[in-house]
Each structure stands twice: as C-alpha cells, then as structure tokens.
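Okay, so chain A shows up in both of these, paired with chain B first and chain C after.
Presenting the complex of A and B:
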C-alpha cells in the first residue's frame, strides 16, 4: 500500500506543476479566445534558460526564476500585442501558434541539441533532496512546485474575483463587445493577462528544469497532459486548473504504478474523453460561461 | 457515372499509366535511380496531403489526427507483413480498413457532440495520436516499445526492383487518393462538406445530412492515409513509435494544404510539391558558413523554422492559398517559374534538376503570393480612371472578387 500512497503523493505534487503549465493556455483560451500553443515553448525555453544559468553560471536553480520570468513575460506580452495588432481569430491562433511552437522547438534544438540536458547535481542539490514524513517522501522540487502553484492559484483567484482588473477580465470573457462598450480596454487587459500567464509558464519551466532532464521534444509531449487539464478544469478557471492538475496527476501516477508508465497517457485520455462526453464545461466550474 | 467523372477517370488513368512506365525508361534515359525514390516520396506526400484535405479542407473541421491514421497504416505493415509474414500487398488494404475503422469510431463519438465543433475537435484529434502511440507502446503484439525492423517483408516482386516497386506503389495510391479527392469535390458529398464549412447550422436546416457527410469524408480520409502509411513503412524500414507518431505528419500535411489552398483538390498537390522539393534541397544542402567561417548554420534546423514561418504567414496573410492565384494568373506564374530556373542556371550552372525546379517554384511563389492584391488594385485603378488601354472585357476586376 505504501507504493500507492507514494503514487498518490507524487501525483498530487505533480498536479501543481501541471496546473502551472496549463494556466496560460486555459486563461488565454477562456478569456482572450486565443488558443496559444506557444506557452509550451515558453515553458521549454524557460527551462533551458534556467538550465543554462545554473550550469554555466553557477546560479542556484531557485534564483534563476528572477532572470527567466521577466524575459518570458516580455515575450508573452509582445506576442499578445502582435495578436491584437493582426486581430487574430480563435482558429487562426491555433495554427499560428502551432507554427510558432515548431519554430521555437527548432531553435531550442539548434542551441541545445536534441540530447537530454539536465542540471548537474553539483549545481542542483534539490533534485535528490526530499522531505520525509514516515514512509513517504516529498521530493523538494515537486513539493516547492506544488506550494508555488497553490500560492499562484490563490493570488490569481483573488486578482480575478476581487479586483477591478479581474472584473474587466470576467467581463471580457462573458461578452467581449459589451465589455468594450462599457469602456474595458481590451488590449491592456489582454496584454497584462498574457504577461501573468507567461510568468506562470516560466515558473513551471524553472521547476521542470530543476526536477528532470530537458529535450526539445518535451514541448509537444506536454500537450497530452496540459490539454486534459485545461478541459477538465474548465476554460479560464484558475482553481479549476489546480484541481484538474491534481486529478490528472493522481490518475497518471496510479496508472503508472498499477500497469506501468506507458499507461499514464491512456488514463489521462480516458478522463479527457469522459469529461467531453459528460461534463464538457469542466469539473470545477458551475456554468458553461467563463 | 456522369460525364465529368468519366473524363476525370480517363485523364487520371492515362497520366498514371504514362508514369507507370517511367521506371522502365530509367535505363535508356539514364537519369539517376535517386529520382525514382524522390518521386516516390513526392507521391507519398501527395497521398497524405490529399487524404487530409478531402476531409479537413472541404469541411473545415481541422484534424490533427492524420498522424494517428498514418501510424495505424505503418504499424499494420509492421505487424502483419513483418511479424506475421503476410505479403505486403495483402497488408496494405487491411491497413486502410483499420485506419478507417479508427477514423469512423472517433467520428462516431465526436461528431455527435455539438460542443466538439471547431477548435476542440482539432485538439481531440491531436490527443488521439498520443493515445494510439501509447497503445502501440504497451502492446507487445504491436510494438512493445522496441521498434520493428522490416527487413524480412515479402515485397511484390512483379512490380520491379526496389526503387521501381516503391515508385509504382506510391503512384497507385497517390492516383487513387487524388482521384477520390477530385471526385468528392464535384459530388453531392463535396457540396455538402463545403456547405458545412460555410455554416453547419444552416446546412443542417437545409437538409444536408451533416453527420453522415462528415463520417463518410473522415472515414475515406483515414482510409487513404492508412494505405499510404502502409507503403511508407517499407521506405522507413525501421519503425519506432517516436518517429511514426511524431508531430511531423500532421504538421506537414497542414502546411502543404494551407500553402496550396484547401478548397480545391489541386491545392494539396501544389503545396506538397513545393514543400517537399524545398525541404529535400535544404536537407541535402551543406552547412552555411557565415562571418568567415565563425558561425555555422545548419540548414536542417532552418527547415523547421521555414516551415513554421510559412504556416504563420500563410494563415495570417494569404488565406486562400496558392492554387486559386495560380489559376487566375497562369502566365505570370509560368513566366516567374521559367525566370527562376534561368536565374538558377546562370548563377549556379552545376545545380541539379531538382534544385533548378525549386528555384523556379520559389520564383513563382514570390510573384504569385503578394502580386494578386497589387495587380488587382492596379487594374481596378486603371479601369476606374478610364485609361484607354484598359482591358475592356473585364471591367472592375479586383476588389469585387
């Protein structure tokens, strides 16, 4: 039983990371009506940035956040500004960001090659350390990622529910034209929101670099996790993404322990199809709006 | 069969029959064997892009599922022809049927859901490729994670030596697929699909059987993708899950069709020709050395960057693709093609035939893509200002179109 207990723990902890990876896609799809696959490349490039700083410049992996996040935020905001400029539709955005994903993956491949890249253990003492409670281990990178995800989730929730900015975001999500008519500056809200989403993606990238090996193909592989989380959590829902991340993480971890790691994608896909069939608005939202 | 179908059938048969004897001419004409294999890969992309476009291009439902259907085809050959010892010829139709079964069962679930129109459909089909890959990885009868070597497959000897055989197999499948796409476009099914593309709710209320049309087109599209994948397994010769189910197949068929134009069966053909010849040349080109040899740029990496950039530009700027422009400006396109070839010959006389062809293509693309708007505006301006040499038979061409 310890095995399953440990599987559930690592699933829950991974769920936090999944939520951070999915938040960008979920918010920009739900609120801005842009399916932005470029967030996958942001996560990947943030991870490589963190890897580079920790390996070649001896930064502490946690400190690399300070350098990586601002860069990714600027890129994310500029990309959104570009989308606003060309007035992109929901469907075109999927294709355009798909092209962008392929380009950035290729850039990563030409800089860091297709091999696995991992921060050496001398530069990254956290990878092998963990907090032990009884028989169960809480690896430091995953635990801190989970706690960060909760903090980010709560902050986002506060921002969206309690502030004027959040009101503007919700208004845009419900009815863009009406919100505009009432004086919501669509472009400003969109750029700020994309910046925040990009920051979350960058933080996720740093945690990924801390806990596992990087390779360019990851960006496409994450798709199998992020998409179920986004649908299950409900488009544009922050705490929904967190809950869905945990559900997907636990399901994948249990499937890995019970049948083998190759079964994890099957488990997440079954959950995805079941959600689409029976509760297309997501598990954690009350209504189909937002 | 109505008359246009008969004409089309005759045309396709004559063309295919003529190409069928191309491998036999290899000796007398003395062109390198490589051209036959190059021809095969071109025909492979014709079949893949056409099969994708006969569903997605006509109906507007964006499918990333091509990778899954292609993969089912590849692995059917892997399992039946290599592991079970079937002859390749017997495995190919089974591959098509299995891919069609996958497509139909997927369609049966997703086409019933109102919510799955549009973007979510695209993403579900992308997820399907991951799942098929996962199943192949865990099942030891299919792959089991170690890959399959196809060196013991019983090849159809009567089609000739390996290069001729591949070329002929590719030719058969590409011809059938393109013929199917052209026939669908001009049939009731095609009109139904185009009406779904324009407005599905209106189409349905006007009595178009949207569910049945989508199922038929999706099933056929999967069928041809599977057929073509089954042959391609031989070309790959060592199949692994990572390569077969990678994002490359959906990416390439999308870029090819978007570039060529998705509302006509010729679009994917034009797009596939351009993309395949271009990427082939880039793959074979030696590394560029810039700044006196200090910076080396490998053109392999540029390949994906060009493909991605092309997709972005086409989607944002040139929505209807190359084919409609080519039809409207045949002579401009042909002229630019010839100029491109001449420039390539003067600049680099030792350039290969394919290289010259690429140069011609690039010339035509560069002229055709931006020129349409410019020429239209100019014509429009001339006809409104009443210039004496304005073409009197086409008043106000341009903005109205």
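Presenting the complex of A and C:
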C-alpha cells in the first residue's frame, strides 16, 4: 500500500511540473492558434542552461532561474514577433516549429553531446533531499516544482480572469476580429503572453535539470506528456493544465508501479484517447477555449 | 462627421463595393437598406476597420480611418455591432462589456458608462455574471449594443440588429437605438427590415450590388412608389 501511496504522491508532484511544461503549448494553441513546438526546446535549453551554470559556475540550482528565465522569455517573445510578422497559420506553425525543434535539438547535441548530463550531487544538494512525512517522501525538487506550479497557476488564473490583459486574451481566443475591433492589439498581447509562457517553460526546465539527467532526445519524449495534458486540460486553460498534469502524473505513476515503467506512456495515451473520444473539449473546461 | 468617399472593397478577386460614397452628420440616424448580398456588411466592416478598403477614404471628424490598424479604429470613435452579434460567448456579460471599454479613454470612464448601459438594459445588469453564450438572441443583441456603447463611440455602426429576433424585441431594440441617438451618438444602421429601418432614420441610402442607387430623407424613400414596389412588397 505504501508503494501505491508513494506512487500517488510522486504522480501528483510530477503533475505540477507537467502543467508548467504544457502551459506554453496550451496557451499558444488555444489563444494564438499557433501550435508552438519550440516550447519543448525552451524547456530543454533552459534545463541545459541551468545545468551549465550549476555545474561549471557553481550557481545554486534554484538561483539559475534568474539567468535562464530572462533569456528564454526574450527568445520566446522574439519568436512570437516573427510569427506575427509572417502571419503564420495554425498548420504552418506546426511545421515551422517542428523544424525549429529539430534544429535546436541538434544544437543541444553539438554542445552537450547525446550523453546524459546531470548536475553533480556536490553542486546540487536538492536532488537527494526530501521532506519525509511518515512513510512517505516528498523529494525537494519535485515538491518545489509542484508548489511553483500552483503559484503560477493561480497567478495566471487571476491574470486571465481579472485584468484587462486577461480579458483581452480570452476575447482574442473566442473572436479575434471582434477583440481587435474593440481595441485589442493582437501583436502586443501575443508577445506578452508568449513571454509569460516561455518563462513558465524555462522554470520547468530548471526543475527538470535539478531532478534528472538531461539528453537532447528528451524534447521529443515530452510530447507524450505535454499533448495529453494540453488536450485533457482544455486548450488555453491554466487550471485545466494543472488538473490534467496531476491526472496524467498519477496515472503514469500507478501504471509504472502496477505493471512496470514501460506502461506509463500507455496509461497516458489511453487517457488521451478516451478524452478525445468522450470529452474533446477537455476534462476541466466547459467548452474548448479559455 | 463621417465621410466615406469613393470606397471600393471586396474579398480576394471578388469586388463587393464599387466606388461608394456616403455621409453621416452629427446626431443623425442614417439607414442603409438593400437586398441580401448587396454589400451592407462589407461596408460596415470597412468603416469599422475589420476589413481593408481597396481604394477611397473614410474620414471621421477630420481623422483619417482608412486602413488604420483594426485595433485603433475604436479609439477614434467608431464602434461596431456586427452582424450575428458576435459577443464573446464564453465570457461573462460583464466581461463582454469590459471588452467594449478596453481602449484607454473608455476604460477611464468604465464605471460611469457601465451604469448607463445597465440603465438602458436592466436585463444585462441582472445577468452580469452569466456567460454571454447562454443568453437568448435578443439579450445577446442587447449585449452587443451595450458592448459597443461601452467604448463611448461618436458613431455607432449596427449591422442588421433585428436579424432573427421576434417583432417585440426588434421594436425594443429600435427604441434603444433611438434613445442612444438622443444622447448625441450618430448612428449608421444597416437593415433588411426596410420599413422599420427607414422609419427610424433621418436619411437613407439604398445599396444594390455594391453601389448606392438611391439616397435621400428617409421619409422620401418610404414614400417612393418605385422602392415600395421593389422592396416593401406593397
């Protein structure tokens, strides 16, 4: 029983990380109608950036956020500015950003090779530390990722529900031309939103570097987590992504305990397919959109 | 106040407006009537900045609106109530109204305008927290008008506000348009509901196949035998 209890804890904690990994794709797809696979590269490169700063420059892994986030935010905003310039469509965006993903993956391979890279434990005291409650362990990186995800989710929720910026974002998602007719500058909102999404992706990357080994192929492996979370959570829905992250995390964790780790992707895809069949608008939204 | 000069517009290669000119003066209600496909919506969209003009100019109180970026038109004093209402269906009524007050000047007066809109449409105030998509057609039309009013326009463009609504509701909507006009807002109304549309107006234009074929005081157009025969089915 402890085994399953621990699996559920790990799954829930992983869910927060999954949500942060998925937020960029979800907002970009749901609001801006761009399927931006570059977020996978942002996560990966943020992870490597954090690894590099911690390993070669002795930064505390948490502190690397301060350097990694601004860089990724700028890149994310510039990329969106480019999309606005060329007025990219939904389908082209998938092709273009897939190309970008492959390109950035080979950049990562040429800099850090295809080998596993992990911040050495001397530079990363958090990897082996955890909060213990009874028989259960809450590893520090996963626990802090989860708490960060909750904070980001609530902030985004507040931003989207309460501020003019958030209302503009939702209005753009529902009827772009009408939103513009009432004064919403699509380009400005898109660039700011992309910057926020990129920041979240970068934070996810830092937590990943803190808790596991990095290799260039990870970016593509994450498809199997992020797309189920995005679909399950509902396009453009922040709290939906959080809920979906937890569902996927727990399902994957239980499947690996019950049948072995190789069954985790199967569990997430079964959930994805079931969602597409029975609730294509997502588990956590009334209808597709914000 | 509004001067549209020699405007052409269309979709791809299909031209929908052919060198069209019209004016709306301060405080006026101008109604444009014409059959389905005449180009009425295209005209509204071009003036409202939702669609570019191929040629010609659109001028509001000396400000050139022609091919201004869509998001800048509203702050210049034009608000659109589009065909089919196009409220934001998954936003609450009050968020929809807030979107009307999005541009800076309107935002500054948001509370004041909100109170005015709620006075004209008590129904909207009652349903402030409901999703716009769950409203009835008439209520959505009121919301679309209320949203446009929130931007405090000098000129209100209305594209077939009576479409698909029961006669009583149409009457109520037309009363509201009259009331909004009395507070000094100029109105450009597009209608297929020819008689009611013209009865409301000071002046009218008849649009056919993208060209203005008749214009004049609304009363004259209503009396015109030829128009009566072709449009009013009398």
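As a convention for this text, the second predicted complex is superposed on the first by the 288 of 290 C-alpha atoms of A that agree within 3 Å, B and C clash if a C-alpha of one lies under 4 Å from a C-alpha of the other, contacts with A are read in each partner's own complex, and residues count from 1 in each chain.
Definition applied: contacts are C-beta pairs under 8 Å (C-beta built on N, C-alpha and C of every residue); 3 or more make two chains touch, one makes a residue touch a chain.
Computed from a prediction, not measured in an experiment: that's the story for all the values here.
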With the two complexes overlaid on their shared chain, look at chain A and say whether chain B and chain C clash or fit.
-> fit
More chain A residues touched by chain B or by chain C?
-> B
Answer with first, second, both or neither: which of chain B and chain C does A:96 touch in the superposed model?
-> first
Can A:168 be said to touch chain B (first), chain C (second), both, or neither?
-> second
Report for A:109: first if it touches chain B alone, second if chain C alone, otherwise both or neither.
-> first
Which of the two partners, first being chain B and second being chain C, lies in contact with A:178: first, second, both, or neither?
-> second
What is the C-alpha-centre angle with chain A at the apex and chain B, chain C at the ends, nearest 10 degrees?
-> 90
Thinking of the overlay built on chain A, is A:192 touched by chain B (first), by chain C (second), by both, or by neither?
-> neither
Counting only touches as set out at the top, which of chain B and chain C does A:67 meet: first, second, both, neither?
-> neither
Once the two complexes are aligned on their shared chain, state how close chain B comes to chain C by Cα atoms, in whole Å.
-> 11
State which residues of chain A lie in both footprints, the one left by chain B and the one left by chain C.
-> none
Residues of chain B defined as touching chain A within the complex | 62, 109, 113, 115-116, 118-120, 122-124, 126-127, 130-131, 133-135, 137-138, 145, 242, 246-247, 251, 254, 258, 298, 301, 303-305, 307-312, 315-316
In the complex, chain C residues that touch chain A | 48-50, 69-75, 79-80, 82, 86, 88-91, 95, 98-100, 102-103, 106-107, 131, 147, 151
Within their complex, chain A touches chain C through residues 164, 167-168, 170-171, 174-175, 177-186, 286-287, 289-290
Okay, in this complex, where on chain A does chain B touch?
-> 35, 86, 88, 90-92, 94-96, 98-103, 105-107, 109-110, 217, 220, 223-224, 227-228, 231, 259-260, 262-266, 269, 272-273, 276-277, 280
